[in-house]
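There are two complexes below, and they share subunit A, which is joined by subunit B in the first and by subunit C in the second.
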Partner chain A sequence: MRTRPVTRAAQYVAVLCYLVFLATPLVWLLSSSLKSPQEFASMDPSFLPQQLDFSNFSDALEEQGLVRSMLNSLQISVATTVLVLIVSLPVAYALARFRSRLRPVTNGWILISQVFPVILIVIPLFMILRPLQLTNTIPGVVIVYMVWSMPFALWMLQGYVAAVPRELEEAASVDGASRLRTIVSIVMPLLRPGLIATAMFTFISAWNEFFFALVLLQDPQLKTLPLVLARFVGAEGQVQFGPLAAASVLATVPSLIFFAFLQRRLVSGLLSGAVKG
Partner chain B sequence: MYKKLVTALLAAGAAVALAACGGGSDNTSGGDGSGEKVTLKFQSLAFQKTTVAATKKIVADWNAANPDIQVEYVQGSWDSVHDQLVTQFQGGTAPDIIHDESADITGFANQGYLADLTPYLSQQTKDAVPAGVWDTVKSGDGKIVAAPTLLQSYVVFGNSALLKQAGVSATGDSLSWDQLAANAKKLTGNGKYGLGWGLKSPTATVLNLGMNFDGAFFEGSGRDAKAKIGDAELEVPKRIHAMAYTDKSIDPTSLTQSGSDVLPGFFGGKYAMVVAGNYTAQQMAEQAPKGFQWEVLPPLKGTSEKQAANPQTLSVPAEGKHIEQSAKFIDYFMQAENLAAVGQGDWLIPTTQAARDKIQQATGGKNGWTQTLAGGSELTKAPFQSVENYPKWKDQIATPALQEFLANKIDLATLGRKLNDGWGQVNS
Partner chain C sequence: MTTQTVAAPERAGERPPGRGGGRPKQNREAIFLFLPALLPVLLLSVYPLVRGIALGFTDARAGLNVDTNFIGFGNFGKLLHNDLFWDSFRIGLIWTVSVTVLQFVAALGLALLLNTDIKFRGVARTLALIPWAMPPVVVAIMWRLLLHPTNGPVNEILQGLHLTDQPINFLGDFSTALPAVIVVGIWVGMPMTTVTLLAGLQSIDRSLYEAAAVDGAGAWSQFRHVTLPQLRTVIVAITSLDMIWNFNSFGLVYVLTAGGPGGKTMLPMLFAYNEAFRYGNFGMAAAMGDVMVVIIIVFLAFYLRNRLRSQA
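The block that comes next holds the complex of A and B.
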């Protein structure tokens, strides 16, 4: 079936509008990172900088230990993501496949755990981690982020496991495959999009998290990226807009790379699932 | 392909987890004052580039001169310090030296989280700070729970060219509120306003400047305090309202903006004057267009030039292992040269006269420093600083009521009633 030229043009316009809508904040951020302090105080702010000023980037990089904080965030986010996937995958499989009285209880707990405000749990958590000497350490933060992300990751993965037809597993069983073999060879490839979506969610939660890191990490060498970004906001609402924008631009790079890497696999995973299903 | 992905994920997870396990450290060192080397964590909230550099230099100088008591600079943030300290006090891991404002640490002091520094601070430091400022950092039983370092006041900034053009000069020791209103009226016209005033969060400004007219707002202290809203307390909002809606010399839209939001209008000539915290001078120095001349007018005066003092402070946790050593560093920080360096960097007023003299000498009083420093002598403790539920009243009652009044939605009598009755609601 051929698309009429008018319809096609309308489609392109719609896609273009959507792209502009998505790209505007990023372009604005990039533009702001290149503006001088005088331009921020102008009564008629321009969308693009009048004169390029790269000092915001040097300020952000030199003064605040931005690179070190990015590496800390990356280390914590990747460790959290990998560990959450490793722990939650078998649990999600068990919850989705085996009927038990525990299932509604577990699902109820998952929902309830999302209701508590952070401030309510941070002090008890702090009291638990302190005797274990896990405050002011990266493993301590990773454990907290795992606990924080796990319920939702379980919830997501459970749905993906449930979506894999049981008949495929039964067919494999009839063909003589053991349960482990069935899971590894049949179920896991179909779960790849779910794993990747869950990884993305977990990574972004850990990458952006502020409050736990603020409370748990005191050592300047261990500060994460959100803590460093907060440094550009002063008392009484003063903000260093230029360096903040520059730091934010730099901060988006690792997550963009991570997403670009995973998104390709997400798409290929969806296709492979479609063929096999 | 899938196996490779799983293997890669597992390998990466193991590698990162192992690396993570080696990444942490708890640097709080030992030392009990018996000659053993001690490392103190000093969480500074210094924000301006200049102040961060000055603070780091103080720490470096101290470390060079005191090999047994090393101070580690830890950068904190004004935005999150309260929540961070709440948790760290509970967990017993607060930094050895805490930088915060006096209004914020009052609650911590009342709960016994802060050490009594009275026996540790030198007499020289005690004598250098006026009694009225020490009052802002004393607990109910008179113990010094922090050292006050820098003060902020509200000042009037003027566009020198527009003031000159209109023949407005303010060169005396003080600027009366009547003069301010007259100047603003004179400077209004041709689509421009005499005054831009960012009063998005009006309570602090109204209560601080209210002291110009002896506005107390509260009688008593703690939970027993009673609201006291009379003519003196309502004088500042009444005058602002009159300038905005009777004289029309304040741009009413500026009243809904934050203090720094009005700066573009000030630089663009839309307002000839703005009222803001004196630290705004730093932004003016950085952001003003080339050739733009600004000045600080003399301190505002009603029946007096008094304003509330809410100093930045340095304090020590009561459970700290090295209270004496921390207090020694605070004593060093309070030396005139050091306070002058951080004060000049932040464009704030040091709490000691010796440090103010150093700034006056270093700057020659230019860029409004003479007027800024002059305001420092009239800063003192305000009654609201001893009232336990003041933050609740401020957020839930005073701010919305003042916003309504400044938006011309309620009259002065209604404002007074809301402020008064609201105290009963939040303090019950």
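The block that comes next holds the complex of A and C.
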């Protein structure tokens, strides 16, 4: 298609504006995390750091609360991911392969759980977990996260299972393999990319989650990274910009690493989820 | 369904299962596979939801071990007479509609642009998903630093360009807080919407455009008669879900402004959170949740109707 030069120029300007709007905050956060304290104090700070200074990162890491919260977040996210996969895989298999009455019910639940205001769920959850002495504990948060991130994991996994050719399973069962054997030795290996994508997605959700953690965790020893970061800004006035920016960058790194691997796969998974619910 | 990417898993899922579909044996097998998930889901998702809806009709309070009583529509009556409730409701609608509509318009324009043979497509697409993957708390912190009245680069740039002679306290000023929060909301949501729409655009059959061009349709006419109808399902899906997500959002604004200044950014979720966990009014917060559910059902009905129609 021929495009007039003026139109073409306007197009590039538009894309450029978009990239600036999108990238500037990110670049600025990263550059702030690398600026020396002197540079912050100067009256005329520049957009990019004059020279790279990693002291903000070491300052942030010396902050005991921050390191502990990172370990808490890591523990919670890994445990959530493992549990979600273990529990979701059989369900996803059943959803993709069997036409049972549970299917419409589950799909309805997936949709509903994505759209309901969490305030309705969190108060009763709080009331259920309290007598079990699970509020203000890491296992309590893990269980809640598991149930809360399962619908989407199911949604993704279900699509991946459906993509495994049925004929392979039929061939295995003709050869006399049991259903379980077929799942473990035929379906699982083919599902690996899908499982990895789902695991990463679940990890990111748990790592980023804020609301349930805010309500369920009061003990400073147990707080997750987002909670501790949020408390940092709450203490207006004595905020140290450099370490705060560094801590923010550190909090984003796991998501971004997973994300780099996940990108392409995630878009299709997300879209199917987004459109189907 | 119009798009390849969007439709693939669905088509696979909806495919009539092979031999033996619906047999009792399959039901039994399915139940067995569902079992490990069933207890946690029933206990921690289904039951709390039902209980939460019912809680709106009681005078439940935090902390005290007093009996909770069924009080009918009492909470709703109180809400109707509470100016802060109406404010949060109004602010919630302004926020939801502004963020959803503005991000949609910008995203559609961009998606159309990125669907041409323009350069930087890959860069734009990769960058697009970063805001979405970042922890909302970090996004909020980043924007608080950006918009900071004395140390933030936004004020510095504005002053450098002599657009303002005094630093603006974007998040702390009554008149600028809500617009500022809306801009951040757009920053977070727009990229994802763009990528979704782009996926939709890329699945439209090229020959439709060629046929339209042969019939003498110009660019605008092609957009109106080919692009929009073909994108319809994707557009309705992404906007109704964006509406629901924006209406329910919490963490971003909680860290940006905590509802302030003076309640100017008090979204419904923040209002409900304060009622429940600051003042201990569980019943009242749940009633607020019930009101939100009714509103969400309206959005949802629109979305589902569209989906059913597109499947017919």
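In this section, the second predicted complex is superposed on the first by the 192 of 277 C-alpha atoms of A that agree within 3 Å, B and C clash if a C-alpha of one lies under 4 Å from a C-alpha of the other, contacts with A are read in each partner's own complex, and residues count from 1 in each chain.
Simple rule for what comes next: a residue touches a chain if its C-beta (ideal position, glycine included) is under 8 Å from a C-beta of that chain, and two chains touch if they have at least 3 such contacts.
Here the structure is a predicted model, which is why all the values come from computation and not from measurement.
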Touching partner for A:142 - first (subunit B), second (subunit C), both, neither: first
Touched partner set for A:82, first subunit B, second subunit C, both or neither: first
Which of subunit B and subunit C A:70 touches, first, second, both or neither: neither
Partner chain in contact with A:211 - subunit B first, subunit C second, else both or neither: both
Subunit A residues touched by each partner, larger count belonging to subunit B or subunit C: C
Subunit B versus subunit C as contact partner of A:179, first or second or both or neither: second
Partner chain(s) touched by A:153 [first = subunit B, second = subunit C, both, neither]: neither
Subunit B versus subunit C as contact partner of A:133, first or second or both or neither: first
Which superposed partner A:117 touches (first subunit B, second subunit C, both, neither): second
Partner chain in contact with A:38 - subunit B first, subunit C second, else both or neither: first
Subunit C-contacting residues of subunit A that also contact subunit B: 40, 45, 86, 119, 122-123, 127, 210-211, 214-215, 230, 233
Subunit B - residues contacting subunit A, complex: 2, 5-6, 9-10, 12-13, 16-17, 19-21, 23-27, 41, 43, 45, 47-49, 52, 72-75, 77-80, 83-84, 86-88, 90-93, 95, 101, 258-260, 263-265, 267-268, 270, 277, 279, 283, 286-290
Residues on subunit A engaged by subunit B in the complex (per definition of touch): 37-38, 40-43, 45, 59, 63-64, 72, 75-76, 78-79, 82-83, 85-86, 119, 122-123, 126-127, 130, 133-140, 142, 188-189, 192, 210-211, 214-215, 218-223, 227, 230-231, 233-239, 265
Subunit A-touching residues of subunit C, taken from the complex the two chains share: 3, 5-6, 8-10, 12-13, 15-18, 21-22, 26-27, 29-31, 33-34, 36-37, 40-41, 43-49, 51-53, 55, 60, 106, 109-110, 113-114, 116-118, 120, 123-124, 126-131, 133-138, 140-146, 151, 153, 156, 187, 191-192, 195-196, 199, 233-234, 237-238, 241, 244, 247-248, 250-251, 254-255, 268-269, 272-273, 276-277, 282, 285-286, 288-290, 292-293, 296, 299-300
Interfacial residue positions of subunit A with respect to subunit C in the complex: 1, 3, 11-12, 14-15, 18-19, 21-23, 25-26, 28-29, 32, 40, 45, 47, 86-88, 90-91, 93-103, 106, 109, 112-125, 127-128, 143-144, 146-148, 150, 155, 158-159, 162-163, 166, 170, 179, 204, 207-208, 210-211, 214-215, 225-226, 229-230, 232-233, 241, 244-245, 248, 251-252, 255-256, 258-259, 263, 266-272, 274-277
